[in-house]
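Going in written order, the chains are labelled A, B and C, and every chain counts its residues from 1.
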Amino acid sequence: MPLQSILPQLFINGLIAGSVYALAACGFALVYYVVKFQYFSQGAILTIGAYIFFLFLNLMGLNYILAAILSIIISILAALTTNWLVYRPLRKRKAGGVPLLVASIVILIFSSSLMQALFGSSTKTLLLSNQNKVFTFGFLTITLFQIAIIILAFILFFLLFYILMRTRLGKAMRALADNKDVAQIVGINPEKIYNYTFIISAVLGGISGILIGLEQNLYPRMGVLIIIKGFISSVIGGLGSVPGAIVGGLFIGLVENIGIWFLPSSYKDVISFSIMLLFLLFRPQGILGVRMRDDN
Amino acid sequence: MLSLKNVSKSFGGVKAVERCSFEVEECTITSLIGPNGAGKTTVFNITSGLTKPDSGTIKLLGKNITGMPAYKIAQSGISRTFQITKVFKNLTIRDNLLIAKRTNDTEMNRVLESVYLNKPLDTIASELSYGQQRLLELARALSMPHNLLLLDEPTAGVNPQIRQELKSILRNLRKEGKTILLIEHDMDFVMDISNTVIVLNEGRVLKTGKPKEIVKDKKVLEAYLGK
Amino acid sequence: MITDFFISFSTYVIIYIIIVSSFNISFGFTGLVNLGHMVFFGIGAYTSAILTLHGMPWYFALILAGLFTSLIGAAIAAITVRLKGDYFQIVTLGLVFIAIAISRNWISLTRGALGLPGIPPIIKDNFNYMLFTFLVCVICLAFFYWLTKSETGKIFQAIRDDETAASILGKNTYFYKVLSITISTFFAGIAGSLFVHFIKFVDPSIFDLDFFVIILTMLVAGGLASITGSIIGVVSLAITSEALRFVVVNPELIGPVRHMSLMLILILILIYRPRGILGKVNV
């Protein structure tokens, strides 16, 4: 098939993958923006969200809306627990970026071992009724569920912007991100806002975990693979920028899916990583031109 | 010894240094003064190669050093200290001095004595008080072979006794034939020891002259006190 | 049976000591948080495996594994050490996923996910092989102790504490950072080679982050910037990890439980004892 006729399909596939990456990336970016560390354990939250959904839906036979709500609640609890048990004590001892980064990678890997211990290492499949209902437009095919992913992702992006730009909480988050000392002087309690930040990113993480679980499959390492894409998206869009993470996620989704027309599909990771390296070397502030943190 | 010609540098549209030119004579103490934000530290960073200037030339002993990497400028003979001390905090005093110059314990103790820092060479730098860390940094800057010494606010954060000692340290260095350029806020200190004073304001050289001429100058007064 | 277990356990410990202390050179001594350090272990393992499978004698393969790995390390370092702290960590973490993708896809060389079986051993008898790895390890450690006491070692530490200060004292910090990575990846390659001739098999899972987290725990537990610390870190955690075998009843759970225990230890050290057992600097 010539490229022109398959291009719309690749574009749609890219948009689906991109929406998922962007969802994973914006939780990561939100924490990086407000709390100032590389929040890889967003991948753990994603994994937990997906597996808890699987537990309630498939193993306990709950209604899918109830299962989703419960799994988002548990994702929130998981994120708050990691903050209370690990990140807050590290901030208290004034640890630099490296221990926080190491801790977040460890929590990420921990979640995959935990899921392996609890649910076994085999791949699990989630399925909703109507999920695979296919729409065909000429060469183009897309499932009902994939349309739902794209729409839901954009609703969530809109809500996130609304919270950040229009609410008191969002203002406090931006103030804290801009200058912690000044924010404290005007009466903002950082720990309280950090908790809200973890809650919001956990909601995004739980939902993206469920969506990824439905679209692909469940396996213990899913969080590791997705959050790496989320974080590459975040770097490409502009590290520390929430809109940047979304733009970066969509960009990576599109490039990977159009790129596999030219390269074997298993080189997806190499494509996105190489693009990230090019950005780091030649445009470290990312697509949206966010100024990078100055270490001087 | 050192000459800056039309050096300019801006950070994201803000002009930190603008067409700045001055010279530092051999065997003198020259002070760079000016209100906060006048661009003094930027001049130091440009001279020592930590910041690349947008335009202009910097010459050391007639040799153009503009845009050279910091380590090469250091090797060409510029040694410096920082406003906020940059000692190697996990290393011992001995190792801090060793990075500046390969030498023996006797020599090291002599340098420490000359800056009135009486501590065993095996002391870890982070165990020193802030004032002592500043002295260690000075000792390290002195140990490195150099023609020109740049000192960024040597009296900041040190007690009055060390401040007096610093004066005699700097005078002794001048006697030994060293050339020193320093940034300083303590006017008594500056007027007391400098041969030449350069006043910077908003990134430009406002006035150059002997200490006596500077204290009388109206423009300098205005820059400090506002119009 | 008991002796077999003891010999293989000791061989692993010896190889881990080489890899952990080589990691300490870049991370602990130079402050370069190379999150892809185990990628170089894997490169060494693959290099040695492929060369010996094509009939090269082991001693050439061992040395070439070190040299080739450090060549790749130097090339990557030359590009990446200029990046600021955060970005260096990001790129080196990315190496892990690049390595996995390449080893899975370059089928003609690596047989992809199937891996390379039947790698010839250096010495057939396990006890003698343990002695051989011990000898190599002693040579490596002697070099590490010498290096960290040498002027170059002091410059590495100066760069870790304050890179700007090192550069205004006339040190070409770029060169020394590349050198540090080159040296540390050379020994990672040697360790990879020793490892692969012991287990006689290699597949892309050698690059997994799980393995890296174990090595990282041993390094941090022993303490940064202390070679003796690294030795103690490896030995104590290897014993802890083996002891768990007797606590966990279900054989399927041994792997994940061991792994999770090590990770908990790492988190506790990060919070409560950032210098580990013998460390000279905080994590």
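Structure notes:
Here is the rule we use: contacts are C-beta pairs under 8 Å (C-beta built on N, C-alpha and C of every residue); 3 or more make two chains touch, one makes a residue touch a chain.
Please read all numbers here as calculations on a predicted model, not as lab measurements.
Contacts between chains trace an open chain of neighbours here, each touching only the next in line.
Comparing chain C-alpha centroids with the centroid of the full set of protein C-alpha atoms picks out C as the closest. In terms of their C-alpha centroids, the spacing between chain A and chain B amounts to 48 Å. Distance from the chain A centre to the chain C centre is 30 Å, each centre being the mean of its Cα atoms. Mean C-alpha position of chain B lies 43 Å from that of chain C. Shared interface positions of chain C, i.e. residues touching 2 or more other chains, are given as 164. Contact with two or more other chains is made by no residue of chain A.
Of all residues in chain B, those touching chain C in their complex are 48-50, 69-75, 79-80, 82, 86-91, 95-96, 98-100, 102, 140, 144.
Listed in rising order, the residues of chain C touching chain A in the complex are 33, 35, 79, 83-87, 89-91, 93-94, 97-98, 100-102, 104-105, 164, 209-210, 213, 216, 220, 252-253, 255-257, 259-260, 263-264, 266-267, 270-271, 274, 282-283. Within the complex formed with chain B, the residues of chain C that make contact are 151, 154-155, 157-158, 160-162, 164-173, 225, 280-281.
Those residues of chain A that touch chain C in the shared complex are 38, 86, 89-90, 93, 95, 97-99, 101-103, 105-107, 109-110, 112-114, 116-117, 120, 224, 228, 231-232, 235, 239, 264, 266-270, 273, 276-277, 280-281, 284, 292-293, 295-296.
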